[in-house]
Amino acid sequence: MRETLVEFNDVHTYFYTEAGTVKAVNGVSYKINKGQTVGIVGESGCGKSVTAMSLMRLIAEPQGQIVKGSIKFEDKDVTKLSDSEMMKIRGNDISMIFQEPMTSLNPVFTVGNQIMEAIMLHQKLDKKKAREKAIEMIKLVGIPRSEAIVDAYPHELSGGMRQRIMIAMALSCNPKLLIADEPTTALDVTIQAQILDLMRDIKEKTNTSIMLITHDLGVVAEMADYVIVMYAGKVIEEGSVFDIFKDPLHPYTKGLLKSKPVVNQEMDRLYSIPGQVPNPIGMKDSCYFNERCPHAMEICKTKIPQLKNEDGEHRVACFLYDQGVK
Amino acid sequence: MQEKILSVQDLKKHFPIKGGVIQRTVGHVKAVDGVSFDIYKGETLGIVGESGCGKSTTGRAIIRLFENSGGHVYFKGEDINKLSRKELRALRPKMQMIFQDPYSSLNPRMTVGQIVGEALEDHGIIKDKKELRKKVIKTIEDCGLAAYHIDRYPHEFSGGQRQRIGIARALALDPEFIIADEPVSALDVSIQAQIINLLMDLQKERGLTYLFISHDLSVVEHISTRVGVMYLGSMVELSPSKELYKNPLHPYTKALLSAAPVPDPTAKRDRIILRGDIPSPSNPPPGCKFHTRCPYAMDVCQLEVPEFKDRGEGHFVACHYVDMTIEN
Amino acid sequence: MRQYLTRRLIQMIPILIGISVIIFGLFALAPGDFIDANMSMGASQERIDELKALYGFDKPLLVRYINWASNTIRGNLGLSLQFMKPVTEVIDDYVWNSFILASIAYMLSILIAVPVGVLSATKQYSKFDMGATVFALMGIAMPSFFLGLLLIKFFAIDLPIFPVSGMSTAGANNTGLAHILDVGKHLILPSMVLGLTGVGSLMRYTRTAMLEVIRQDYIRTARAKGLGQRTVIYRHALRNALIPVVTILGMMLPSLFGGAIITEQIFAYPGIGRIALMSLSKRDYPLLMGFNMMLAALTLLGNLLSDILYAAVDPRVRLK
Amino acid sequence: MAEATETIKIKKQNNDTIESPWRLAFRRLRKNKLAMTGLFALVFMFIFSFIGPLLSPYNVIQTNILNANKAPSAQHWLGTDSIGRDVLLRLMLGGRISLLVGLVSVSISVVVGTTVGGLSGFYGAWVDNLLMRMADIFMAAPFFPILIILSAVMSDRKVTPENRIFIVMFIIGILSWAGLSRLIRGQILSLREQEFMQAAEALGIRDSRKIMKHLIPNVIPTIIVSATLGIGSAILTESALSFLGLGVNPPIPSWGNMIQAANNFYNLQFRPWLWIPPGVCIFVTVMSINLLGDGLRDALDPKLKR
Amino acid sequence: GCGGGTQAPAEGGGERADLTSQSVDIVKATDTSRNPQAALDRKDTIVIGTDDFNGVFIPQLGQTVPDRQIYELLFEPLVGVDEEGKPIDDAIATWTVEDDVKYTFTIKDGVVFSDGTPVTAEDVEFSYLVIADPTYDASSDIGKYGILGVDAYKNGQADSIEGIKVIDEKTIEFTLEKPNAEVIYFFTLGIIPKAYYGEGYTFGDLSSIRDLQAKPMGSGPYKFVDYKEGQTVTLVANENYWQGTPGIPNVIFKVTSNATQMQEIISGQIDMQDITVSVENVEQLKAAGFVDLHIFPTNGYGYLGMNHELPKFSDVRVRQALTYAINRKDATEAIYGPYGNVLNIPQSRVSWSFTDEGINSYDYDLEKAASLLDEAGWEMGDDGFRYKDGEKFEIFFTGMSDHPVLDILLPMMIESYKELGIDFKVEYVDFPTLIDKTNNYAAEMWFLAWSLTPDPGSASNVYRTGGPQNKYNYSNPAADQLWIDGVAETDFNKRAEIYGDLYRILNEDIPVIIIYQRSDMWAANSRLENFNVSPYRTFTKDLWKVTIAD
């Protein structure tokens, strides 16, 4: 087995708000190995971004706090690192593509400037070289007239262009781990394909691990080696990409796969999982999916299911597969 | 024939490019460069196309968020650009836009309730405060959010949740026409399905009309009556949805369709890789704008702009190669 | 942009004319004139009338305005009544002293206010922030004469390391470096007073603007790039917080040349501020007109400058 | 895996209506301890100034040369001034003037400045040009001569001292809005280009509402700073105005002209009871406004819930 | 200055010397060893603190005290003034008077300008022609003494003034239309060299002289070196001075501020300065140990003016009542401590014309004031205010802003006038506004101060019927006649009697309520020896005799 790069161990990240405590991440554990691409899917709002942000230690304090658990990155527990140690890791060892490309770019600097900054910092290049590299990165992510775009401000770019700038920024420093939070949502499929190719290239060349958060199951299928399925702040299923797509176990995962429309396949109405995500404030001890689950049992309403090894790497948190219950 | 709700004629939007310390205009980005199409009542026109090809700009120009550089937009026969501010305001509730970037289009200092309910209150549609709250809750629940979200601020939401706030904001007004700019890109497939179902239900119930901009070809196919393909500020192909997916004519459309990812890790792909430099919208290539990357490019493509012609059954395309193959 | 500049500069002309009419009108309306304020009261009525005629105070207002305006356009601001010297020369004699003092003081206040404001914001509600707030508000509640006298007491009397007043040592005919050092020594206390009293407001504005900015997503992005706290704050955040600061800096331009009346008064500093006050209480109209027109022009320029800087600071702002 | 067993408080919410950003802010403000301390201090200053004098055994117009310049004692808690008047009583009476001058003039300047800045920044184009050129004129107009003329006019009209102070408040307010309007406009110029403003436009929100509900809450921090600073300087400006004959007239004191006692080395060194009390009062007032203002800012800042 | 002196926002203080004493009170330093090093280091230089200069250092044109201090050291007049304000011949000329109308001056031997050229009668003539120029716009008024032919010269009808005749190189003759006792003080004007200032001068254009205003040259004990605007004027001893080389080689005048001038003396940065006298200031300067204080009565007085045109003030009983109702003694005490005195006549108590015989001192007496008001028909109403013919007794007082005297005087007046049944309202305006108001007779009651010139006759402008400075509309024919008599008489003893009678009338009539005469104070570092100053004789007159002690 390959070396582990990141290990989440029972991470809890809460937000303390006026209305109550939002348990955005509520006991998440999983591993990312070196050179592995881990796809993370799940309900919108289930805590995928917050998990990633916890790893980067970029949760908006003081409301948001990692209250429990550890996140190991190469033997270091990032939850315990000092700010300056964390600084060295960020951008250099781990880089992140944020979900919101518009607000994540500083409106008063040109995009070139923002890309160059990281390059100059981590690769110790001079300004001219960094600029060349920035132009090259912009070209790599498929933006035309890269020489002009380096000097453009974020608000002058289209949504997809901004997103690609974020990608260029994250890829420019050959990180050990790339966190890509919905990296291609604003891109058309040809460019998406190009970006995905680029990410694969980089991964192959430098043995980078990728934490790929996305809703596009197609992208997951294409990119990921391993898939984590999250629901309401918890991991409910994990397994290799083949396991998940060919043999989904959790009813949520099944519903998810069923919801996806496919080109050239006609249907009147798309399938969608019935019901609502539970309120993350004040959740009871239960399987959080029980209200929406077609196979819900009594136990699901009173106990929280644990992630269990079903077969091999494929694990699921569902009483349906719980020996005792069966 | 169906009622034309919107007619776009030769729409152009050029952004000036500023350069130097004194910010002189050194050129123009031709973000939208002569786009024409009609939308009929009750239909959904899907727009797909390369990122940066001017889809969002087209959408914004249609609802006149900025003054366009040329062409006309008629909404129910009225020239949008000739309306006074007051008339425009009165028209606003009828045509809504779902913005592509959910977060930056939400005022950080307003709660969801305020964001979604504000327009209803301001246009005097709902005057009673309790009723307003009810309506807002109903709308956000339709969009897959929960009632308890109503007093939260945008930054407290995940990307997908924010997108749903934007959708709810547009839907709350019960508009007749909605421009949806990537409305479901940040949503997980289940909620995506829920939203699409909602949009389609509304369409059936109220005869809503959509201009649906998206990169997700399967979603576009599912929801659209007709689909337009844009490339570098122009429309290159426009056709009824099924026809387009079964029988794409333009080489760009073909490349696009071939690149769509399939949710099957074992699936084999036969992708058309587009080569060549991506041209710049400030200095688009002469002739057919696609010729620099087109696998079938011919001499004529560099010289002449292909005509946007009907190939029967409302399948429009602008391509010399198609012209040639069909004639032969 | 060039168009914008030309347009704004051209617009300044009617505004300046308007302001000149206002200023002239104000001075003409203000009760009392130079003769009333200065002349020996024992002078006979005939002599007083003779003098008023000599000074032209008996002419109709419009004639006086046109005379003044036509001279002003030719760069002749007239003769100061109290100094009996061309107004331009009087201004030239004093304004540069004020400028030196004010620019040192503003430098000082910017150097203190901006970093302290930034730190206060990054450590909101910390002890440091509280201290800075109290300090800033004390500066606001404290009149500058008070601070001036306090500093004089400590640094010029109890611990005589700085001179009490003036701009150079009387009778010391220093030249070159020695002169600069001498002047520098005299500038320390007044520039501290002027600088410190300005610190408070600039600091508060910086702090608030920073508080807004540091919670933005792009600051998170900057952090994610691994940039150090300093770079994140001073490069990414501060730049976005600059709009109010730039406005204030633009508004400071006229005061750079306008003199600080109270500070100059206390330190007997040869600046334009005391001269202006003197000319007001003596109703020295030509000097007042010249001085106020200069300030008006500088105000317009300062505001124009900050408008231009907005666009430089924040590319989203469009100049139209 | 440790389970989420802690009990979580769900706070009661106002579930009937959608509160406006302002109402919501005030509700949150009430929970802010520092802000409430500020409010309390401010209320105290008001009580001190408006009710306090009624409890004093002394009288403003009563002078007593034999008892002049006395240090604080049991009879005169804060000592006496140069003609034997009770400093404490003067301090309380001075508060009436200074608090009013501070609050009223700042309110005027905030209202005018915000309106002008808001309109100017929001509409841009000729509206901006017109309003900003107007602000230019206000900023460029010479302060002192205007005041001298005003004082002469008031003198000719025999305006009574009580009415005079209202005019003074008005003047300080009117002469200081221009700076604030420029500050606000500067920020709004940038804010209005943001996407949420486009969204508001697409919704067809009325302009007045866009300004009031979308833009102003985003510039409120600046307004607050300007108001806090303004109150302090208005209180001191009032005393500078007496120099030109515009401020309060005897026997009415104000904190500003009481603190002028420190304009003299002897008093500065040997009679601190003359200037420390008004100094402290101004400071407390400014501080309490600042705390309140900071609280309001935090209350309006959704990212800062504590 | 001339006339009734300059109206000014007077400040400062003085010694409460007994009324007969005219001497200057000198408080000697007690501990000269504490003299700061900064001062001791200036071995051949003294620094004198002063107010802002205007940079007009010519006697004919200069208008402010700081400028005057400079030009008095650079230029000398024909006639000097002694400590009592009487003319003496310690200046550059001696003189004889014929028929009270012809003044013949002879310039003393050896009097030269600092460039070595002798002072001649032509220079004297030139010095007076300058102020007779039709474009002359400074403060001297040559027209008011009745010198023959002045008008003709001004109008350009004559090339010279008939009444000013150069007899020979050293002798010059001035002729008047009729006797004028004041004219002798007109000869205290400094003499300027024609050769230097007259170059380029043409009748009707003073610009060539203006051009030299900041480069003065005259016959005084000091020579001009340089002027730094707003900072210093540097002078150096004139080795050609006709009375011998001055004792101090260098004199620097330095601009200081009111707030800190005392600290400058105490820290040794300046050697001398006139400082507002007050108990606190004297105390601090005494405590310094090394400062000599010269305290002497100011040439001036503070008063309350009233507009007699208003019916309420036209009644002399009311004016008297208002005077009785002010506790002037306590007020003066509170303001100046021992350095101010209540004054009852408009003349300095050190003047030769001063008298207190038959003068009513109007001691504070509210009862008397009340009965006078009753007599005048102002009856007490139920609301505590007095009424006459249905009109409430209201006084609208216009004060000058930022004035330390008013800070104390007004509260006291408010208090006692309230008790008397008068609604006393107060407003402030700035100084020129107040002057403007009084000029237009638009003020009811106000506070100002007159500064006095040596000759008492100039006050007629203030108190005679229709006098240009009589802004009170005061009129008393008997007094008017005495003013005329006073100027027509040239014998000092006889004049003193005339003015004594006049002052008694004014004391009875109360044209204005005179409050106090304060004192001036010069603080001088004790290392200065032979320093001399008195009310009518400024320190500049004797500065050349001063030396620096080791």
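Should a chain be cited, it is by its letter among A, B, C, D and E, assigned in written order, with residues numbered from 1 in that chain.
To be clear about the criterion, contacts are C-beta pairs under 8 Å (C-beta built on N, C-alpha and C of every residue); 3 or more make two chains touch, one makes a residue touch a chain.
None of these values were measured; they are calculated from a predicted model.
Note on connectivity: the fewest steps through touching chains from chain A to chain C is 1.
More inter-chain C-beta contacts link the pair A-B than the other of C-D and A-B.
Centre-to-centre separation between chain A and chain E, using Cα means, comes to 90 Å. With centres defined as mean CA coordinates, chain E is found 37 Å away from chain C. If you average the Cα atoms of chain B and of chain C, the two centres end up 53 Å apart. Rounded to a whole number, the gap between the C-alpha centres of chain D and chain E is 46 angstrom. For chain B, residues that reach two or more other chains under the stated contact definition are 101, 103-104, 151, 155-156. The set of chain A residues touching two or more other chains comprises 17, 19, 60, 100, 102-103, 155, 281. Residue positions of chain C with contacts to 2 or more other chains are 30-31, 145, 149, 153, 215, 217, 314, 316.
Only residues 15, 17, 19, 22, 41-50, 60, 99-103, 142-145, 148, 156-161, 163-164, 181-182, 185-193, 196, 215-222, 224, 241-242, 245-246, 255-257, 259-264, 267, 269-273, 276-277, 279, 281 of chain A touch chain B when the two sit together in their complex. Only residues 13, 15-21, 24, 194-196, 198-206, 209, 213-214, 217-218, 300-303 of chain D touch chain B when the two sit together in their complex. Put simply, chain B touches chain D in their complex at residues 60, 63, 65, 88-93, 96-97, 99, 101, 104-111, 113-114, 117-119, 122-123, 129-130, 132-133, 136, 150-151, 153, 155-156, 166, 169, 173. For chain B in complex with chain A, the residues that touch the partner chain are 15, 17, 29, 48-52, 56-57, 100-104, 141, 144, 146, 148, 151-152, 155-161, 163-164, 182, 185-194, 196-197, 200, 215-219, 221-222, 245-246, 255-257, 259-267, 271, 274, 277-283. By the touch criterion given at the top, residues 259-260, 262-263, 280-281, 284, 330-331, 333-334, 396, 398-402, 406-408, 410-412, 414-415, 418, 425-430, 433, 436-437, 442 of chain E touch chain D in their complex.
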